[in-house]
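Look at the two complexes coming up: chain A is in both, with chain B in one and chain C in the other.
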Partner chain A sequence: MSETFHIVVCGGIVPDPLQTLEPVAGANGPALKNEMLLPHVLDPWAGHALYEAAHLAKARAGSKLWLVSLAPKAKLQQVMMTVAQRVPLELVAVDGASGGFTDSFDVAAALAGAIEAIPGLDRTRLLLFGGWESASRAAGATLQMVGERLGITEQFQGVDELTVSDDGSLRILERVEGGQHQVSVCSGPPAVLGWATGNLPEPANSPQIGMQNMRAIMPALQKAKAAQVTAGCTFASVALPKQQRETRVVKDAPVEDIAREIVDWIIAE
Partner chain B sequence: MSERSAMDVDIVCVGFGPATGGFLHTIAPKLAEMETPPAVICYERAEGLGFGVSGVATRALGIRTSFPELDPSQIPMAAPIHEEKLLYLLDPTGASRRSPGVRALDLLAKLPSDNHAVEVPWIPSFLHKKNGLVLSIGQFNQWVSEQLMMTGTVQLWPGMPVAEPLIEGEAVVGVRLADQNGEPGMDIRAALTVVADGPVGPVGRKLDDYFGVPPGFERNDWAVGSKMVVELPDNCPLEPGTVWHTVGFPEPEIFGFFYVHPGNVASVGIFVPSWFDNPVRTSYRYLQHYVMHPFLWQWLEGGRLRSWGAKSLQESGRHGEPWLVGDGFARIGEGSGATNVLTGSGVDEAWTTGVQLGESVLELMREHAPYTSENLKRTYVRRRRESWLDAESRVAANARNGFQRGFLTGMVGMGLAAMTRGRVTVHGHSRPSQDRVQPMEKYFARRIPLPEISRIEKQCRTDGISLHDRLMDRVGWPPIPFDGELLVSHQDALLMGGKVQGAAGFGDHVRFADHDLCELCRRRICMEMCSGEAIAPSKDGGAPVFDREKCVHCGACLWTCDNIQFEAGGGGLHSAEN
Partner chain C sequence: MSETILFLAHTEVDGSLSRVALEALAASISLNGLLVAGLIGADVQAAANGIGGCGARRFLGVAGEGFAASCYGADAAAVEALVRAAQATIVIAPQTSRFARCLAGVAQRLGGRIDTHVTNVASGPKVTRWYYRQRMEAVVERVQRPWFLLVESGTAPVWEGAPGAASLELIPVEVSPRTRVAGRQAPKAEQQTIRPDAKLLFVAGAGWTKKQADGAAHIDDAARLILGFLSATGASLGSSKSLVDLSGEGQAVLPFLSHMNQVGQTGSTPRHPKGLSTCCHGEEPHVVGWRFIRERRAVNLDANCGWSRGKADVLYVADAFAVIERVNAMLAERGVH
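Right after this comes the complex of A and B.
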């Protein structure tokens, strides 16, 4: 149990998915309407990665945890007010456009550059965490490219569990088809882990963690370097998934009836 | 449960709204100049600082004083007021309950009306918001918080409800955070506790319980403000800064507003007051009838609901002013009785109380004086008493008393109070809402036969639903033609453009103290006016059930029923556009 890690979590921010999101054509390509007015949250996939990372860092005394985030500085600051209460972390902020319409290649380059510049980061002990997917897009490409740019060849995606064995090797459960997991073992860091949902709940707020984090977060935000991220391609069209909202409050309906109604609806569609 | 932990800071603020914004904006730049600045921390229940439920038309006297170079275009959804109208709305449905006096007024107004509305040819000066601003309180709070955080001198923590004050002897020594995930909430010990948790906040109420209230104190007058943020149709010609105040519809007792923000967006809302006697008064259904009033509908038809929300407004004004200070604490904002009930203005007043406390705290810091009751009185309370805020509050103190005797008497009372600077008012005895609201049989006496009321009531109990829709349908309110865009069901409104979500780890914040009492209760006004349908009939007919996933924290249940315990809780409605 002597293995310690330097864990870097790549985590973007997204408009709160519970808000009304509407794609519009902006000057530089597609955008979300009033995106800067909407409250943002840490990308839920990255959130799982962060909470797993915090748990691991706590269990392995001497480990360190960084959160590297590329986002508009003002929005990132708002998100940090919530996130920074939950886990002890060091923020590395990169000021740039976030959202679903930026090019993964540019984003990966900016994140990799920021990680390479972290003072004191021991890349032989590096575990690069992030979301397997993202609430703003689901290409699942960014984290892989960050890993490749950092020369990390051990990559795992759709991770639900990481166990560190006594010999320091990593036992990793990756999601595969049919609700099954693939079990892999690698000898140790460096490795890339793109998390699915993991197993841990959101940690409770801790005023002490918040106080401690915030002392470094504001300076980190103030010195965030700007990154140029582009759309990288031309979007032919952008649309929300088709949805139909029809709310009814029905109590005590038998499961069979609910299932039958859903099947009828799918057939009718 | 593990042991409770504690942390020491210098100043702890409870709630982040305009009052705390004013306070922190005043002290933050000075703290930045100090070699060892005090630790200042603020906890807010909502999950973001851009929460808040208010479309605001404000004179912004205090806000402009704090920001002398204010450029409204820097604040999202803000615009200078450029047109202001007072409209009397007639009832196009025939369902509104109108007294003979109001019917006479309707006859007079009918002749010059356009689309069932008449523009009142002059706006009383007290209602004017000249040189003021239209704001979204959510966006304003967010804008203020961004600036505060960038100073690096204060810490703002959303998503963290505060349960109660820590009291030792006669002094407040900090606050206790709400329990989370079964763990005891942390004690935050502070030399000064700034209480700004609004009119239904648990910390302010617990201070009142412990220290008592000043002679003459009463908080019987309330309203539920319910509003929509609407994306106007593309061709809507209304300009940002358009402000309409309305009276007369959907019921004479219900006032309304229509404010246009930049970006072709409007805030449209109503106030349902505690002196409205209808025992089944869901603000949401009334709000839908309001937006469908022909005068408003001509601009709103084809629009889209962006978000929706509701909150309680403390309308006792000066009469609801608690002890403003004590050893170790000071109260600011709406919960400190700052709202001007004559002008219907609260945001700028709340901001100003925060500024006054901020200036006072800086003065005491310079003197190295402790935050004792005496010191806070000679600084904060003195500033407040010597300010325009207090002078206007005195004028407004009894302005609304007349509404206790009816809509028209109330309007006359407001006019008299305004014209005589508060020297002449109409007398009206204010009663708590639960004592005042009429039984269904009385309120609907001439409109629904008694046996039918009983039948509807029985059927609703069997169906497990509240009464208001059935009774409103019965007295002639037309059905809402849901279009899935602007006119949506109450449940859908909870899901559209906002975030109504009980935060994980916190307990239920609404509880029913005596279940036997609930079982005997026929009126069940807690369900009938719940803004989020979070309080609903139980299967067994006993105490209602509470679903915190739907609660928007409006707090209306608190002031309509003595049997409700409204405690600290996380979550609630969060739409930064509100």
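Right after this comes the complex of A and C.
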């Protein structure tokens, strides 16, 4: 149990999944209607990565955990009020657009630059965590690119489980087709792990952890460097899917009739 | 300028190409560029012969035991070598877990760009893909090359051309990754999971674990009904996030559900011909999980359920416990199992 890690979690912020989203034409390409007014949350899969990272750091005394996030400072501050209460972390903030219509290439460059500038980061012990996809661009590209920029060629995506063996090797379960997991054994860090949901529930709020975190988070937000991220492509169109269906509502019908109709539908070719 | 299109595929365990790979091949051919085929696997000659009549100018391969299974270090090196050898400007590959885990890294390595979850490839080229987890659809063009495209399954016709003897050029690639693939771990035989090949997706919502009309929750009844339905129909089992997350809140849960069953915003977006949702009450997050379900029906007690109205073809306003009990009985009477 002597192996300690320097864990960097890349996590963006996204509109709360319960919000209705509508695309609009912005000055620099597509954007979301009222984007800055929408309540935001930590990207859900990045959240799972953060909780797994905190769990690992706690189990391995001497390990360190950073959260690197690229987002408009004001929105990031709002989100951190909640996230900071979950797990002990050190925030590295980068000030820039966080929407889904930016290009993963630019975002990766900004994140990799921020990670390289972390004081005291031991890259031989680095585990780079993040969500395997975001809930915004949803491409599953950024984390791989950050890893490449940092020269890490041991990468895993769709991770649901990480076990550190006594010899320091990493046993990793990645999601593959058919509801299965691929089992891989990596000799040790540095490695990139893009998390799916993992196995841990969301930690309960801890005001003590929140107060401890916020002391460093506010200065980190003030120090955040600006990053230029672009769309990187030309959008010919962005639209909501036109999938409005004419729903037939069956009310006050006997259960027998409903069940028969469902069975007929199921067995029909 | 004419594009050089590299159709990229990896072989399956039996040395063949998957259906989604043949769909990606059809998408590659549709661009009318200079087509090159690039194959990765333990042995790729049979796969090359299988698509021998596709019209590719060259058949390139990276082969060996080190390329039999998905491993980032080996796959990234193989893809990089193939793209360089083909001098490709466009790379089209199937959206498999294997390529999803390495192509973005290779795009970075080669100074290219990537779009994933592509649902249409048109001349230009222009590609269609989703943003915000299947909530918006965009058509994009890029000037940077090489441009990598991962094409989703079921979005292009399967290439059905003639096989033929392919003159395969093997590209030597030396790799020594620090990772060893130790195999695959399948869910236990009795475990219910997302089954991609099932004709029906059954989605269980959080309502199954809530208090019913008698003021009590009936977890055991819910489990019996759901498992009975799955046993009879062979349906794939999905669940809403709220139902999966109840376990983290210390509430009673259906013991056979895990995050692997989750559909929607942080789950999968499965593709089945039919979907039956029960006791689901969310709105947009559930719609995300249903985006690619063709025929959709729902059973719940709320006639005004926002996600059902306008999203499902039929909404049965009824008690799912009673309905599924009768459905199971009727399936048994009709000998469906």
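As a working rule, the second predicted complex is superposed on the first by the 240 of 269 C-alpha atoms of A that agree within 3 Å, B and C clash if a C-alpha of one lies under 4 Å from a C-alpha of the other, contacts with A are read in each partner's own complex, and residues count from 1 in each chain.
As a convention for this text, a contact is a pair of C-beta atoms (placed from the backbone, for glycine too) under 8 Å apart; a residue touches a chain by one contact, two chains touch by 3 or more.
Here the structure is a predicted model, which means the values were calculated and not measured.
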| item | value |
| --- | --- |
| Chain B versus chain C, judged by how many residues of chain A each one touches | C |
| Which of chain B and chain C A:157 touches, first, second, both or neither | second |
| Touched partner set for A:205, first chain B, second chain C, both or neither | first |
| Touched partner set for A:61, first chain B, second chain C, both or neither | neither |
| Which superposed partner A:214 touches (first chain B, second chain C, both, neither) | first |
| Chain B versus chain C as contact partner of A:27, first or second or both or neither | neither |
| Touching partner for A:18 - first (chain B), second (chain C), both, neither | both |
| Chain B versus chain C as contact partner of A:37, first or second or both or neither | first |
| Partner chain(s) touched by A:77 [first = chain B, second = chain C, both, neither] | first |
| First (chain B), second (chain C), both or neither touched by A:185 | second |
| Intersection of the chain A residues that touch chain B with those that touch chain C | 18-20, 201-202, 245, 247, 249, 251 |
| Chain A-facing residues of chain C, complex | 69-73, 76, 96-98, 100-102, 104-105, 107-109, 113-117, 126, 130-144, 177-187, 193-196, 200, 233, 245, 247-249, 259-260, 262, 265-267, 274, 276, 283-285, 291, 295-297, 299, 303, 308-319, 322-323, 326-327, 329-331, 334, 336 |
| Chain A residues within the chain B interface of the complex | 16, 18-20, 34, 36-39, 74, 77-78, 81-82, 85, 201-202, 204-208, 210-211, 214, 218-219, 221-222, 245, 247, 249, 251 |
| Chain C partner contacts - residues on chain A that touch it in the complex | 14-15, 17-21, 23, 30, 44-45, 48, 100-101, 103-105, 108, 135-142, 144-145, 147-149, 153-158, 160, 171, 173-188, 194, 196-199, 201-202, 232-241, 243-253, 255-256, 258-263, 265-267 |
| Of chain B, residues touching chain A in the complex | 5, 7, 39, 41, 47-50, 76-77, 139, 142, 145-146, 149-150, 152, 155-160, 177, 180-181, 183, 186, 188, 263, 306-307, 464, 484, 488-489, 491-492, 495-499, 501, 504-505, 539, 574-577 |
